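Letters A, B, C and D mark the chains as written, and numbering starts fresh at 1 in each.
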């Protein structure tokens, strides 16, 4: 079973809370996803209100909240956001996101590593969102991150597995869990990630932007579980030529 | 629910009987697949024995047998094999395969269409294996085929969806069910076929060549059912740029 | 050098005459392409006028005209169009196109083969446009076609090499020249065709729809010639892992 | 014309010196490539000999030498190698490479940025090899690098454009020249890089590992020049459907 920072997760699908048409739909979709780890942008929480409707709905679910630092432009921003999450939500887990560029929201490798070091020192369980860069993933692992979260494609693009070959290298080399995050647009893409032997996948936009988010969440749950089953069952080899399914005899020679 | 020639099928996964390590493993894998339509090469059946072990195992399952004409090099061969199937197995359903080339086992469009016409006239329910050629598929439909079975990649190659764009056109234009046949190597590929709105998929080698064929059969079953669910849930749009999951506010401006 | 029906061609790029902004631009682009074989739709020729501006411009070039049967919906249409081309343009060469479907203009394998047989019998040099179907290509070769012209993608789509794996099989098996026709959108795609060892490529829309058709024609000419040179130079092998360019020594150990 | 650090280059193809069968073949291939910038691993130079055969051959060519720091495992190694290059070869240009991992030779983003800063401060013209990470490329640009050199695929793998979508983003955002480095295996891939509007490409293994390196070098030269011409000529749009090349009239209605 998947284990991150000594916590086990029955589902290898993680989800997020953005872009849903309402907090109620969000709650149902997350429930349908079976996800045990759900990320929430600290910047979305209204600090001036007594209670936040998103948080209230999430608190009714049997999940671990994973505050994220989306919107942070450098390490200082990210550390601040993580501390805010710890205070407001009572968890020392954090999904670290630092993306100075607003068009593609791609992560900053330098500030992400710097923030990761600081947050580990501050006692956080750090899961950093990062580019699909195998050396960076090793570095993040070395400073004490509990997992690495390389991207498949730009956040919210639904473009799928653009980084497949690099994710494969990351999976070969990592000694912490690898969670593919961002860009997954279809359940079959989440499944392909799992068939590669990668530990988990985080999906948000592809669920929230579906015509029926709740059944789409269920489809992603099944895709992820099935992809893991396929990985464990040992995929057959790929051939350049055809191999007949039925090579045994030749009845036509009886003619 | 999927309906071919007035027969309904609860599973959209069809399977085959080739390449399994034993008839017992084959039987268990087919059972695990939930498939209701299972193809069997007439050339594999031993005409000189009283009973055939493959057929005996298949008869213990609640499935429809689909004899196929693998090995046929022209229309005459195929019609002969279909008639043999009707006589020996008591079914007028036939998967029509004509492939003169032994290296890639690619189907012959001309002889396939000719055999299809003859078999329809002889009262068969004809499901032709064919290249992913949208015009050929229309022709096969026009002569009375009950479904069309365009290929994803060469038989047994496990190479996946090499013909994606043409399958999409076939799915747009067909008025009979479309069953993608040959080349599917991973459950995620079968799922991707279903996400496109295609009616069904036939998988044999990818199950039989897996390290654990029985659980792989189960994985394919779930992949196909989940892919259909995803199609019906309405996949979200694909974007060139990133779209933030969490666009609402900016806590960092509170600083 | 490329030889079709005993005629040699110095360039492996063939072109067409459709979609240009004017006959003068067309003439310049064809000249820049260096193409020795240029196709022309018989349906575009105005039968009621004494002279046709497109034909007049083409007659000033040192090229062989290749009338095509675009618009033909069946074999009879195609044979009629080919005969019209022979009469009006004085050539027994014909590019055979039969495409009943107007949305994707995909070729009809059955009517194309039928027309090919008839045209060969009538003394034509037949170059059939067809799907990237290796068995169909063998059939067309067997009835006497002088070359085969499998498609890369739908006509005019500029979508590139969607049929790569099947073109590779066709190139392995063919004993007549293979000319990839339709769908090539970029010079690099024409070049990739040539790197595969395929004999020639026909490009029209990608030149005519460029911002500067004349320089784009020159780019295609160079891409095709260079792709052939690369094929003949023997491309190096592809590796899964990195191979250092500079593996010899390790100066850092001198430290 | 391409300009890096106030030096102009007539060719947009850069080359390297590794893996050739002999220094003489290397010299001929580089000459055929027309490359004006040629990289050379400092670790390959024999410090204990009076003269180095590779360097001697290179000195007969009208090129700028670009010493590289291949083999460096951290910033300190790289700075040392750059200084060695300056001393031995009399140039303050350096291709910065830091790759701690020996299997895939992927660059280390953190140490590369650190070394870049130090080398710029020491007066070097720095061209860093890096992953196809748009944010990292901006960072390298900000510390004063004269160009950025994102990878297409692992060094020497000949696997081609695995990072296409990220290279496109880098090209959109960069204000220094972008040189795609590593992994390009075929001239058509180098051409595709140029069609995207990227400034230059560095190729070594694909030339050195060809059966005929000298003509392959010439093929790459032409591919790069032609790809630039295609970019400047404005590639036509890509369509999902077919667009007839010859839509004008319909002669078949005259029947």
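A few points about this structure:
Here is the rule we use: contacts are C-beta pairs under 8 Å (C-beta built on N, C-alpha and C of every residue); 3 or more make two chains touch, one makes a residue touch a chain.
By chain, with names taken from UniProt: A, B, C, D = Thiazole synthase.
Treat the numbers as computed from the prediction; the structure is a model and nothing was measured.
The chain with its Cα centre farthest from the Cα centre of chain C (Thiazole synthase) is A.
Between the Cα centres of chain B (Thiazole synthase) and chain C (Thiazole synthase) there is a gap of 33 Å. Centre-to-centre separation between chain A (Thiazole synthase) and chain C (Thiazole synthase), using Cα means, comes to 45 Å. Residue positions 104, 106, 159 of chain B (Thiazole synthase) each touch two or more of the other chains.
Taken as a graph of touching chains, this assembly is arranged as a ring, one closed cycle with exactly two partners per chain. Every pair of chains that touch is listed here: A-B, A-D, B-C, C-D. Those residues of chain B (Thiazole synthase) that touch chain C (Thiazole synthase) in the complex are listed here as 99-101, 104, 106-110, 113, 131, 133-136, 138-139, 153, 159, 162-163, 165-166, 169, 173.
Those residues of chain A (Thiazole synthase) that touch chain B (Thiazole synthase) in the shared complex are 16-19, 41-47, 68, 70-73, 77, 80-81, 84, 103-106, 154-159, 185-189, 191-192, 195, 204-206, 208-213, 215-216, 218-219, 222-223, 225-227, 229-230, 232-252, 254-255.
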